[in-house]
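Structures are listed in the sections that come next.
Same chain, two partners: chain A is paired with chain B first, then with chain C.
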Partner chain A sequence: MAAADSPSAALRRRDLCSRGIRLAGKMRADVVDLLDTYVEQQGLDASATVAAVEGVPLAAVERWDEQTGTQRLLENLAAYRAFRALLAQMLEEQREQLGEADAGLGRALAAVLLQVSAFAYHLEELLRLESRGIPGEEEDGPPPPPRLSLFEQKLRGLGVLRELAQWALRSARDLRQLAKPSPATGTAPGLAESP
Partner chain B sequence: DSPTQYERVGADVTMKCGSMDWDAAVTWTANGTDIDESHLNGSYLILKNVDLSQSGQYSCYEGSSWHLKYQTYLRVGTPPKEPVLMCRSNNYPKGFYCSWHLPTPTYIPNTFNISVIHGTKDMVCEKDAVPKNRCHIRYLQLFSTVKYKVTLTVTNPLGKNYTTLTFDEFAIVKPDPPESVVAKPVPNNPRRLEVSWQNPSSWPDPESFPLKFFLRYRPLILDQWQHVELSDGTSHTITDAYAGKEYIIQVAAKDNDIGTWSDWSVAVHATPWTEEPKHLTTEAQITETTSASTSSFMAPPTTKICDKGAVVGSGAVAVCWTAGLVVAAYSVLFI
Partner chain C sequence: GDPQNLKCVTHNLLKMLCTWDVSSRGRRGQTDFCYTTNDHTPQVCFKTKERRVEIPVPESSITVTIKSPGTAFATKEFVIHQKDISFAPVTPHILSLTPDFPTSALNLKWSDNGSVFPYGLDALWQIQILRKEAKEEVTKVTYYSKLINEDVILSWNWTSDMPLECTSHYVKIRCYINATQFVGPKDWSDWSPVEVIPGKDTEPGGSGVFPLDTVVAVGSDVTFCCVHEEDQRITNMTYGSKSYTMMQLSSRSHAIRVLNASASNSSGTNVVCRLENGMMDGSVVFVGYAPDIPQNLSCETSNFLIIKCTWKPGRPSGLYGGRKTKYSLFERISSKNVSCEVNEMSKDRVCGFPVLPDQKTYDFILDVSNPIGQAQSSLLVDITQRVHPKTPEKLTVTGNNSTSIQLRWFINGSFAGIRLLCQIEIISGHSEKKLHNVSMPGGKSSSYTAQLNALLPNTKYQFRVRCSDADHFWRWSDWSRGLEQTTSEA
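Up next, the complex of A and B:
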């Protein structure tokens, strides 16, 4: 494997970041469209405030500009892995509740789930490039959440999609930071530092 | 200093002359001018349906001794209407500012108080020295889905009012317009104009938070704009300009992902390059050969480009003005 700061690695990193930024942009646009569909078909109020739900990774971050590259990658990866599980659960709940009635919504959810999985893989590629160990996913997964009422499921779904839209925005910004060359070494800033 | 008394426009105001009895002989003045007795009820001054012009210093003097018994400064005004509040981030991701004003004046002093809440957290909006009706906040968090709630309360001695704005972090992002917009003709290209600009200087990190741009242009003689959206770069070449027509050009900016478009930049004007008319070249050549004997004029070079192609004349007479050069005078040639 090329050293993390070799020219070929730098090019590969820049390429992965550019593609990642495009992926994040497309993902965000699709999530925003999905949000509109979800709100309408679930009969929700678009302006409803949803309290933070356990297990939904929050995109909000303090001192974002001070994060190292590795922190950015690891936090992004953890988030998208969580979203992968959450969206899979939402999809299953959709199918149980509504069957064919909301096939469109189901397809849109599945498409976003695919993009989330692809983005998580993309982040793993970036971490591999930096010779960083990729944190393993918990084998047993998180404990099954308590059974929610239908309305609670809908609200949680709204919270999941809103946070995912913000994460997609944050990810694009994170990857732009990663793609910036470091003035001293020509490598991306922050990646040489340990978390 | 006399105390100040605030009254609403249209109110009836009764002023008592200090501790003087109702039937005491007194004289009231307004800004030093005696007030007619018709406005008195005993020693009380009655002002009905006051208006703004009646603001001023009112004094009451004992009749015979002319001792000052009471003085007040009357200020006529109105309670505040609901204020107008605006919040915007032109320097994302650093922070945002809020500014406010009253839709109509109250004519008396007002105090503004602003509170900003993000979730359950109170934030401090630091008042700007200039302008006075503005404050700014630094973002402590980015990418939050929790809305900001800003409440502005305005209070004056006659009443109070307030307004509230609730918004997402990304919804209020609106950059300042692009700066240093320049438009130039392209030599030997009669349908092109080269436009360049710079990111607004208030936008702190265009590399991490790139802007996209919207350019609009039209010839002065037409009302309809052409539009071009540009996802990167700070220059563009217009390739479909009408030859010889002066254009007006403006640029706007927006964060690549969030928020709204800036206002349009200052407009710039430019005219595409035009070829120098051939008959002008011929006359210039003739003029050149005779310039030794007629030193009052100087023939322009035949390849000179007219920046602002003001070619006027009729028949065989033509004048071409070139920036920075001495004006050339032409003799009329008869054909």
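Up next, the complex of A and C:
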């Protein structure tokens, strides 16, 4: 983002970033609660090690400091689009497996899915502000995952939620980074840290 | 050398195979073999290089002369009585051994080779099942059949107490025929060649926990196994939150035995196999109940359009989603079948069946099934005697003077062809509650009226109405909403 922001764009970006940070914080809290419910309801061991789940982008990134704002937004957007698809699939599997038996977990999953969708839209807003093209979603969406056994589905769900919780942390950091005035110009009004 | 140790065995009671050996190591060459039975049939002779010949089984005895080559032709005569001939059926062969992995069942098919035996002989078959790398015997079962002078394919099923994937299962059979007329010693046939159903522990890369994602009844004893790569070691296997002692089935397969399994929660009980490299494999088992026989099955109609059947489900099955109990209503007279959409979480069970044109009597079978079991209830009902009208609506006053009031109400439903009995509850400040019964021909989604006389002038009354079938009382409808009206002054 070499060009200096106009005051209104900078204000708009700061507003979007701070709202995004709050959304990420809320999402993180809800995902952590959901994780507890999920582990208990699925009879899993909270300390279970779960191999990297296919299709789940990793929040951990090397040389985080060196990323440009656009890279941050694009990586975030790709991640939350992937989480949107994975959570939707988890919800469908949940309904298929439990039917009306466990509405509680289903509702919590649906609520997090809603937040993930909202956050993805929020990121698209930020990219539009940067007059960056929004990457199209893969026409037919991610390739259908291989048919997993029920236990594998449970473990994958655990992996998805854990990684989503990490991403919510990272997104908040990314957005704080975005909200800072760029050192190069130093003239654009700095985006205040969100509370 | 002299021929000696002549032994004869028959496999089919018709021919027998005789073998002998020679007392000293003589030159092997042509042997002259002659036999004659005691019914003075002409002697039969032939040459053979072998020391075994196949000749008919005698009714009672047979005389055999064996002239074997040597420095001087040594001739030996033997008299073989039937009692000296042993009978062992020919070695049976397994035609097919078919696994059904979901049910851990094996189906065995073989031919009884009955065409070579007289009609009506009893045959015993021993079926032996072996397992594990060490081929330990799991069971040996005796199966009985009767030979009918034809080759009959016999079939036998067996369910393993562990998933067939866990380790290889081996099967072999042998036969014993109770030939009562045959006086010689009778023996089992040789064992058939072994047939095997290979376990996953023999497949390159085969791994996993089995049974995979299955449903079992509460109280079952279940064996779970973990198949893994050769170089991996299992640290433990858990069922739910409890760790179990493992049994080794093979170098790549270990099992645990869970006794008297208790009901699982809605997402099933996890069976987890933890490996030394930190990886995990697992399966989910759903432990639930077979459906109870539906209680208090009752069917009625409120509108002669739909028959509503209700019942008490009994004990919840504990199974949900794709495994939940399914309900269907079958009507025998029309052969119409309806599947019912039932919410497992709601207490009441309801299923709708269309009222069929020109059919009064319905012979219902409510079929209830889930992966563990199935149950049924039946009900024969004349639907014209099971009318339960809907709640009367739009109760209004259509006429009013000092001593009488005319009421009108509406009932949704087609009651043409029956008479309705309606009951009007009259409450006034002075007197206690009164009930006024009135009957009228049923209509098709129509309004009904009634006139109340002998009321007191200038008096506030409260009315409500309910209706039922006048000729075959079944149930009252619910009460309509109340209506308040004051008679005019005298």
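Here is the rule we go by: the second predicted complex is superposed on the first by the 179 of 195 C-alpha atoms of A that agree within 3 Å, B and C clash if a C-alpha of one lies under 4 Å from a C-alpha of the other, contacts with A are read in each partner's own complex, and residues count from 1 in each chain.
Keep in mind that, in the parts below, a residue touches a chain if its C-beta (ideal position, glycine included) is under 8 Å from a C-beta of that chain, and two chains touch if they have at least 3 such contacts.
What you see is a predicted model, and the numbers here were worked out from it, not measured in a lab.
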item: Three-chain arrangement built on chain A, chain B and chain C clash or fit; value: fit
item: Chain B versus chain C as contact partner of A:Arg162, first or second or both or neither; value: first
item: Angle at chain A between chain B and chain C, C-alpha centres, nearest 10 degrees; value: 110
item: Touched partner set for A:Ser149, first chain B, second chain C, both or neither; value: second
item: First (chain B), second (chain C), both or neither touched by A:Ser8; value: neither
item: First, second, both or neither for A:Arg95, with chain B first and chain C second; value: second
item: First (chain B), second (chain C), both or neither touched by A:Gln41; value: second
item: First, second, both or neither for A:Thr49, with chain B first and chain C second; value: both
item: Overlay on chain A, chain C to chain B nearest C-alpha distance, Å; value: 11
item: Residues of chain A contacting chain B in one complex and chain C in the other; value: 49
item: Touching residues (chain side chain A, partner chain B) in the complex; value: 25, 28, 49, 58-62, 64-65, 159, 162-163, 166-167, 169-170, 172-173, 176-177, 180
item: Of chain A, residues touching chain C in the complex; value: 41-45, 48-49, 51, 95-102, 149-152, 154-155
item: Sites on chain C touched by chain A in the complex; value: 208-209, 212-213, 240-241, 265-272, 278-284, 320-322, 324, 343-345
item: Residue numbers on chain B that touch chain A, as the complex places them; value: 93, 140-147, 170, 207-210, 257-258
